[in-house]
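Remarks on the structure that follows.
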């Protein structure tokens, strides 16, 4: 039993998502991709959606992947992964880890149909959503994961709607494992990937990945911003195992949302000459609701 | 074994004989019976395959894309709206050179909604890089699937077998269903060229910047052109093995001596042949050029058989709105400019939305073109329904 | 260029990665910085170095060698040093500073217990250096010179080496056997020593300047300076220096029942606590208040614990004697006015405040001076030896350091001076005029990323009870648990030097931090580094900094 725990908690660095990709400096998604695939190991097939990840990682002739990857379209990695899984079953090959992955736009909007279908059919596929809270690759347009009040190029006055809660929607499909994670706590993220891959059935991991360009902060603050997202309560960290919310990461010292909003250029319109507007209080309310709901 | 079965059942039985590993489809009239029959075959254990019930045609195509990329022989079927919904994936599959076989039960396209047969749907994706084969009757529809897998897995081009919805899919005809062993001998196991497998890490679906994209399209175009050889070879092979003619590039019927040549494809050729026989008894010489492979387009072959024919009429169940007959323009293009001067090539649009094409309609058509060439005419159009002010 | 594969499906093993390093405008560099503990240490000890050895390798032997590179007297300093390093420790702003002093003592004691030997650096040179005085300054200078290959002879005026450490610091603070063993280790390097030889009296200075390539004077300030009040010549009136020397030489001194110690420095505290252990009631008279007392805080605290009475604002005027024996002390009260030349508040007598206090012994620990007997040399303020910035005196080739130059300072200061002098002597002998490379800049806690450190309790040393203490002259702090010291060492932040936390390695989105197969250290792969700066921000000890790309 202890060996298993050791294996689960061991930090992996194999660079299966290698150097030479064209991500911006400090890209949270590049970091997350490497952490996820190193945790999954070499016996993995990645089904990737069009988006920042695909575009910066797989140009011909020098993709940075060291494990096989399959990319077709923007909205279908879940369906493609279902096909790969079905093929492996039919051909009696494997076992193999199949990770379908996409950004927030592909997961929550245009690809919602596909992942709902994949979850419902019960394929043995891990779905990873890299949530950078907008359609970053096409120029920072709004998605249904864009948080309230954020500037995007299609909501220049601040996003008027609240972030869709996909982890809960995924859990309600009856899948055995759902988790949220951030890139600053790499041990936690890798443990969650390994845990997920040890369970049969559809799994969903939702990773918050700061985008320096789209969020308007310097690349070096990526890890710090993740921490602030957690510590303000705006991004709760938890697992849902067989429908029950568990392993909620409690916040040791609650941080007011201003500290999270101020360093990001996309929230600059929430402050007039450094003074927060009423929107900030509304965002604080969202954070408070999260804290209460998940008992952070 | 000869069976009196529904066209859909025949296709399902034959597809099962091809031993696909992954079948994924979404129901849409008139393809439904094919996938229902296949699910029964799989469910009863007669075929060891994964049957994935997806939530849309887009996902169905994506699932077979993924399955094929993982090394499985994959199959799907759809019609009209479904084909259009999966259009993105259709192009993707061709670009990735995955040998998938798809049955298109040809059906009209919304709006207005129509579940009945015409060929507008497969025409909509004619430029995608798929081989498109048109079946004349249920026997050919069944046979083409076996040939399709062989063609696809040799050329690494996906193949779309088009059969007219309802007219073929829901008609009961005697069809010879081959034995499993015969199919196994004819169709060897699938040997993929590129798959995703951790043992041999490959990237499939990289993106190409302007330095490389054009060459990929050139390669695809040339591959389609060269697939003519494979299509003909496989058809000849099939004839030898199973003892009947089926598929191929083009077929002709009493064309050599004809004064009027009718060009068409799909199930309507059956009706055309009936007319030709009738007219022959009346002393008129009319012939048929049947297009079996619409993509790759058999331009040279068409020219070869039609170059003596000065009166040609093209009958098609599709239209390029704002331009005219699609097959008609293709036929007109098959002749060099100099040889078009004294030649009549008439274009008739018929059967859209499932409108019945009778022998009398065809007779009217032949008589019309004997008198003068027709630029474009909708056969059997009900003028009484059309308000002048809407034209 | 390769031909396009079918369907653009690429064999990943044939890929040549695209070098994104060309995108950079900023570049990460590893910049070792000086931690504030080293900066605060007068001896310049590599404190971070020996603590990290304890923390990472649990290796006391290696830790001892790291520490004795600069300080040859760790067990001594671990007992008597007022540890300015702890005041500088960056961890002070996070929770509590490292217990460096206790760690030093644990390491020093280990060296004694396991009889570790100092390592010589290079082979012998022909030059000879004379060192006058075997206190901390002299021993340190001799140590460092010998390690550089010079032949050294020490001339010691007393009968045993050790200087003020031997004759000034009482044994409950620094047991004699500890000091003796440490000095023996130093001498084992091949240093010649002659005791009972007072340079200037038994041997003239010229003898040394003629027969040696250089001379170091570490003669300390072991002469008591009196305050010149009537009655000073009576029996049982000692200067602080005298008293301590007698006690530390093993002499029995009859001090009677009531002892008054005058003065506020370390010597006064030592005298008071010694007298207490001899069984007397002890009072310390000081003309200012505790705040102005120059003694080490810990000394004053321990003296108070030992129930020594402190009378502030009290200035002695006259020693009252009866047949040449002390019976009492006449004093006046003082009040404090604005600061005088020493920077402390100026005491001014309050009129009509005289009173008499009974005393059997008066110890005047009111100041010390250098014993220049037979030595002609330029002085500053007519007190201390004058030296230039290279520690050379007015006599060419004669260097000086320690209390004799700086006034009453600590053992650590003297050790640091000895090291500096050894360097200066080496430069002098080699004719090297170039100044040394300046040490790397200091890193302060504002530049650390303390998120990755966890709060841990500081090691605390436990003293034996007061009752037990006063019964004898044994150490009041028994030896420390070595495992606990290692736990304490693990609290070290390693400011300014990589401690292999792996943050840069794990956080780089471009996998541009690699582990060098030869050294095991983290290195930057500049072919792929995009200069985003994540590594620099997440480095807890600020070892990685971003600079402009060249």
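So that you can tell them apart, the chains are marked A, B and C in the order they are listed, and the count of residues begins at 1 in each.
One rule holds for everything that comes next: a contact is a pair of C-beta atoms (placed from the backbone, for glycine too) under 8 Å apart; a residue touches a chain by one contact, two chains touch by 3 or more.
Here the structure is a predicted model, which is why all the values come from computation and not from measurement.
Of all chains displayed, A has the C-alpha centre closest to the centre of the whole protein C-alpha set. In this assembly, the chain whose C-alpha centre lies farthest from chain C is B. The chain pair with more C-beta contacts between its two chains, of B-C and A-B, is A-B. In whole angstrom, the spacing between the mean C-alpha positions of chain A and chain C is 54. Centre-to-centre separation of chain B and chain C, using mean CA positions: 93 Å.
Mean C-alpha positions place chain A and chain B at a centre distance of 43 Å.
Across the assembly, chain C contributes 4, 8, 10, 12 as residues in contact with two or more other chains. Annotation for chain A: residues touching 2 or more other chains are 60-61, 63, 65-68.
Counting partners per residue, chain B has 96, 200-206, 208, 212 as the residues that reach two or more other chains. Residues of chain B that touch chain A in their complex: 21-22, 24, 48-50, 52-56, 58-59, 62-72, 74, 88-89, 92, 96, 196-198, 200-209, 212. Only residues 11, 13, 15, 18-28, 30-31, 34-35, 60-68, 186, 212, 218-224, 227 of chain A touch chain C when the two sit together in their complex. Listing the residues of chain C that touch chain A in their complex gives 2, 4, 8, 10, 12, 15-20, 23, 451, 502, 505-512, 525, 527-528, 530-534, 536-538, 546. Interface of chain C with chain B (complex): residues 4-13.
In the complex of the two chains, the chain A residues touching chain B come out as 42-45, 47-48, 54-55, 58-61, 63, 65-73, 75-76, 79-91, 93, 96, 113-114, 116-117, 120-121.
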